[in-house]
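Chain lettering (A, B, C, D, E and F) follows the sequence in which the chains are written, and residue indices restart at 1 in each chain.
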Amino acid sequence: MPLSGPQLEHIVINALAEDLAWGDITTDALVPYSLEGMATILAKSEGVLAGTEVAALVFNRVDSTLKVELVLEDGVHLKPGDVIGAVTGSVASILRAERTALNFLQRLSGIATETTLHVERVKDCKVVILDTRKTTPGMRFLEKYAVRIGGGKNHRYHLGDGVLIKDNHLAALARLGITLAQAVHQARERAPHEFKVEVEVTTTQQAREAAAAGADIIMLDNMNIEEMRQVVSELKGKVLLEASGGVTLQTIRSIAETGVDFISIGALTHSARTLDISLELANNP
Amino acid sequence: MPLSGPQLEHIVINALAEDLAWGDITTDALVPYSLEGMATILAKSEGVLAGTEVAALVFNRVDSTLKVELVLEDGVHLKPGDVIGAVTGSVASILRAERTALNFLQRLSGIATETTLHVERVKDCKVVILDTRKTTPGMRFLEKYAVRIGGGKNHRYHLGDGVLIKDNHLAALARLGITLAQAVHQARERAPHEFKVEVEVTTTQQAREAAAAGADIIMLDNMNIEEMRQVVSELKGKVLLEASGGVTLQTIRSIAETGVDFISIGALTHSARTLDISLELANNP
Amino acid sequence: MPLSGPQLEHIVINALAEDLAWGDITTDALVPYSLEGMATILAKSEGVLAGTEVAALVFNRVDSTLKVELVLEDGVHLKPGDVIGAVTGSVASILRAERTALNFLQRLSGIATETTLHVERVKDCKVVILDTRKTTPGMRFLEKYAVRIGGGKNHRYHLGDGVLIKDNHLAALARLGITLAQAVHQARERAPHEFKVEVEVTTTQQAREAAAAGADIIMLDNMNIEEMRQVVSELKGKVLLEASGGVTLQTIRSIAETGVDFISIGALTHSARTLDISLELANNP
Amino acid sequence: MPLSGPQLEHIVINALAEDLAWGDITTDALVPYSLEGMATILAKSEGVLAGTEVAALVFNRVDSTLKVELVLEDGVHLKPGDVIGAVTGSVASILRAERTALNFLQRLSGIATETTLHVERVKDCKVVILDTRKTTPGMRFLEKYAVRIGGGKNHRYHLGDGVLIKDNHLAALARLGITLAQAVHQARERAPHEFKVEVEVTTTQQAREAAAAGADIIMLDNMNIEEMRQVVSELKGKVLLEASGGVTLQTIRSIAETGVDFISIGALTHSARTLDISLELANNP
Amino acid sequence: MPLSGPQLEHIVINALAEDLAWGDITTDALVPYSLEGMATILAKSEGVLAGTEVAALVFNRVDSTLKVELVLEDGVHLKPGDVIGAVTGSVASILRAERTALNFLQRLSGIATETTLHVERVKDCKVVILDTRKTTPGMRFLEKYAVRIGGGKNHRYHLGDGVLIKDNHLAALARLGITLAQAVHQARERAPHEFKVEVEVTTTQQAREAAAAGADIIMLDNMNIEEMRQVVSELKGKVLLEASGGVTLQTIRSIAETGVDFISIGALTHSARTLDISLELANNP
Amino acid sequence: MPLSGPQLEHIVINALAEDLAWGDITTDALVPYSLEGMATILAKSEGVLAGTEVAALVFNRVDSTLKVELVLEDGVHLKPGDVIGAVTGSVASILRAERTALNFLQRLSGIATETTLHVERVKDCKVVILDTRKTTPGMRFLEKYAVRIGGGKNHRYHLGDGVLIKDNHLAALARLGITLAQAVHQARERAPHEFKVEVEVTTTQQAREAAAAGADIIMLDNMNIEEMRQVVSELKGKVLLEASGGVTLQTIRSIAETGVDFISIGALTHSARTLDISLELANNP
């Protein structure tokens, strides 16, 4: 399924408005629109490619006469020097679109790369890597796409499509005398029936309570390995278990080996470094 | 000057549409709107604070009856445990706004922190640290603000407010038989008169040509220290000199010591890690 | 939790743009802005009230100096003559907002009323009444709210927040040699883990297959009472069962008595008649 | 004249944003984009078709490579089983667009059908059936189009394109000592000259006053048959007469036979039931 | 009735986005936000004031803490030196809003002034001065408002709120064998009943045909004085007569004296010069 | 470089929404969509053409099947009767787009013409004619384009892309005890380094101070010829000198002859009269 939909177009239009609302005065002053040429998009470092269709859309919105040929597709492992694609047409238009197209490609590939690094670290474990809602404001639709390209799965897209009872909910409910178990029942009854009910817990005792109350998924927040192992030994198979909180490339493997079903990692989106990708104009078009 | 303007509102509305377009089904199911409380925004790691006004705006857009008190202001150096601010009012509204507010705070503080790290490394040199247009699509207005908070200055905001003749422009012009010097003259003549003319060069010879042609600023792209020193010795004071390309915390000091006027660094915005900041609901409101 | 959020504002602005983009030439020609008065919002027929906060927002967007006092709140059973609320301030502003405010109130109350009619018909059965995505384009957020006010629950909000394998999916998959059971497994594996997997079936045999394959919810599409009873006797308690298709006030009770867990009804939103509500200007302000 | 214009596009984009902003997770998980197929749009009940171009636009916005062939055009009387059109291309894209396209088709055809029912009831009378502004917020442009397709004509589109002095205007003016006749003169003088002046009256005496004051159109609001006949006998041919208020299929004929020129009916748009139309995927593409 | 409505806000937001999307770098660099002051808005030439509420809205959107006091209201005749209003608060905010506020005030006052010049030239004739749709794209709502302030009335706002059969319509219809009289009948029958039917004619013979066919308004396009007089002598009182085409301050009086009911003038909006208005910061706040 | 970019599309969509949001009821009532024809766009007076691509975009947005052939391009000197272009296709669509397309063409050509009048008056002087930010709200992007077409150059686009210290800044700074010279230094230090620093002065003494402080550009505001000559004699070649304030076709030449580098003129955009351009339907298509 190619990347598409109302948000894609909205995000691209937004990005172009940022960079091109007042034109490109350098290019306007120097490069005649009629000069035709070809530019290649090149990987400058190692990683996982994501966002090629977004980049193509950027070029086409800037000038619908540009021809974009994608050589590699999202998900490919890049080596420095790999040709990702080529853009042919008015050189001036290519230059106007360059930075915006690269900003998308580099950020999304950075996230896909970060995700793959984590996924590969645990690839022989039966665990699924998840993202979070810790995304860059305005980019969530694409950043979550990049996580999927990197081999992860998506946790909730937004506050309206999943039930996740967090510590702050429990703290608030405690003031009303409502227990964790009661909260699970209430969420089950009141929230749409097609959503599973997930609860965030910080102790093994809370995990037991959540499971007993019928939670579908239990998020083990910042537990240590020992605690997670204990919860897995008691609850695995009865509920889905998700480890969360401060996961790093150093700790992910031992977490996975506890037997949890999922590991969710905010850093996939909030702290990925961009991948180095550049556009080079061919000398001999 | 407080952060304000049309883009701020646009970006915040966009972000809330992402997270809250279909409500918050967990909070709706569990927390009565009438429950009042207080939440504190806390630093969990060390860094430079940025984005407090954005976070405040998020809370106010979600529920105009929330009261946001900012204890610290942008630019402050945070230590773990520092209270950044407090939000008082409907707990349900606080929970609905939490993630979006934190996403802004964490990302902008991450960028301010990254910038300050670089700025401090060269603080006794007379050099100015600049950002680039390598920002997250849709967030440029705020990301460049965070750079300023971190002690950097902003390079061009977009393609319409600065003249920067880059390698790809020169490559295109070469095909038309136009030299670097001619390009500088042409840009001077055709672009608005209130912009300086900047040229990106990769060799000392090109730097000399650019200066001779009357460029106001010369960007030394990926030159080695020796080359930069040479250019500085010949041109410093006649034109402004800006080092660029692959600058890291390891290399920045030796670059600064060549005597360049500016160092521009894409990583300030494209590869900053977010700063850890959290919201905690008070138990005894 | 009061009705709020980005969509509410978007929908109200859209509606006012429709009716007031070019002003109100009648009121402009006749009624001086300075004339103050009071208008009451009155029920003209029996039903369930919904949309009072939307109406209030309409009045406030037209003129922020209008004071709206809501006497009754959403969910109340209305009798003809009941005073729903009162608006005080510039008569001209009240007249400009009148039709838009009433259009929201009447439509949303119509849906709440239609929902309640269905809910009450089965109130002693343990069945939950659900809506569908058969809503008026652009009004889904509010129409689904009205269903909740009427005592129903919401099915999927949109294509991104629930897994529902429909007849057309199965038809497509059949061409690829993929069975219903395989489809269920594939959806479980690929879709986000926080969503249950629902399958639409038309025969008892398909229902058994879906259950065996591990579906969480089975939608019994246009089955007759006998078939539904059979499915309930075999699967109730193992999976959630949802009856759907051509449900009417005449048939709903016998469907509920089969023991299904849910009944989903498109007519709640697509064929509700509006409730008669009017605004009357007081003679003696 | 094909349906077109800025509002059409705005409404369709809005509707797709509602249903597809976060993708179609079921289809994404199951149906490969490359699977090609054909789907037919079928009438499931009797009525008048409206909205085919809107549906076609929905399919094309979701995937511009889909081919939509419309077999029947707006205004045709449908019988169950009639093939309205066919969509060919990626099955996944067809499934993503299906519900939004049908929601438009069903609602607009429902309104066209309701209108035609009323129009046919009085087809041998010289009376014109009109709609009102009692439309679904956000859908007025299309709902009024559907009324035209059903054989009705449109009353005012919005508050800025017609002068209609209503009961609430007269009530407000009474407080200023301004009579109905003075109101008519004032509206004539102050409102744009290209609009006729219409007055809503509830008694025969008011009708006479309005006519004497030079009103172009008199709306007889909730008058009984006897009163309407009286007004017609006195004023027909001198002013245009419009009956309004509580018109039903049972009463419309006797109202028409009084000789009024127009009958305006809010129920055409506010209480039409949708027409049953479905999309079926062909097994053998 | 104060100027208000969805378009006003849309236009102001648009204008501020143009000027302030990237901040005000001069003011940011120089003027601390905390510096308070007062600025007066002063007339620098003679004319008619329009747009004060728009200007006030601009200041308030830039900074909601600014206090705007309007001394004069729209419609007042200005002399050089007249104080129109005063703005108090943060000097930096006043400076950021200054140009946008003045651009509205100057243009709208220019149009009001131009309109008044025409209106006064014929003030003892019973003729009404009208505008046209020859407005600046995006500003029609406000430009037509300024015409009303200047003493004119508004012709059609847009293509959807009036029937005006123009020369190009007649040329097209001629190719179908449809006469002017048939066109009038067809428009009467098909267009909404609340609009009068207006026809543009260029000869006295056409004017007679239009009147005989029942047109409500006849636009005499570029007729000479003699022809207009002839048409008036034959048709005045039977239809409304509107002179149009090339009207100037030199010719308007003789046109008015022919006895036509209306004179429509594109130059009111398309060629008005702006009025000189400035903002001056008080030295002693 | 053809006119393009996000603002162009935004402005055209905005303009069409103004005129066509509710359709074209005259054309809808009279002209069948299937009638094909050709219309020519004709100059009716002398001037400089600008906006042809905008007009073409208008026609294409109204109906993508229209074919627009542009005979003349922007910048051409028009004589009455010159054929600018031709539009072929559905006559109904041409009529719907006509007014909006012409409103753009006429206004932009008016500005280009006004600019050229000024430019030609000083064409043998080495002076550059500049515009200002005194543009019509919402149209700045296109109005500044028209100035370039007319032979002028653009001053600042908005408050974010140039440093211009104006009289009101200096007045504010005086209250803080900050001198003109200090203001220049502060702006240089704090504003982005790629912008020159411009100062507005009213006396020769201020001009000297500004130059001494290192300003790049000095705007001589409303100085008399003698004063300008004096400033030129002292500062020409050391800083760029820009004359501004009350420049007319009568005074421009003597101003230019003082030797200033630039003359900026608000009237280019705020008081240009539109150029007369019309669309005529061919009788024999």
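One rule holds in what follows: a residue touches a chain if its C-beta (ideal position, glycine included) is under 8 Å from a C-beta of that chain, and two chains touch if they have at least 3 such contacts.
In this text, all values refer to a predicted model and were calculated from it rather than measured experimentally.
When the partners of chain E are compared with those of chain F, the chains appearing in both lists are B, D. Common neighbours of chain B and chain C, by the contact definition above: A, E.
The chain with its CA mean position farthest from that of chain F is C. Judged by shared residue numbers over all numbers used at their interface, chain B and chain E contact each other through mostly different positions, with under half in common. Distance between chain centres (mean CA atoms), chain A to chain C: 32 Å. For this pair, chain C with chain D, the centres built from the Cα atoms lie 22 Å apart. Inter-chain spacing, taken between the CA centroids of chain D and chain F, is 44 Å.
In chain E, the residues that touch at least two other chains are 20-23, 27-28, 31-32, 141, 157-158, 160-164, 192, 195. Because contacts link the chains in a way that matches no line, ring, star or complete pattern, their graph is best described as other.
Touching pairs of chains, sorted by label, consist of A-B, A-C, A-D, A-F, B-C, B-E, B-F, C-D, C-E, D-E, D-F, E-F.
The residues of chain B lying in touch with chain C in their complex are 13, 16-17, 20-23, 27-28, 31-33, 62-63, 92. Those residues of chain E lying in contact with chain F across their complex are 11-12, 14-15, 18-32, 35, 37, 39, 91, 95-96, 98-100, 102-104, 106-107, 110, 133-141, 158-166, 168-169, 171-176, 178, 183, 186-187, 189-192, 195, 267, 270-271, 273-274, 279-281, 283, 285. Interface residues of chain A facing chain D in the complex, by the touch rule stated above, are 1-2, 4-7, 141, 157-158, 161.
The part of chain E that touches chain D in the complex is made up of residues 128, 130, 153-157, 160-164, 192-196, 198, 217, 240, 261-262.
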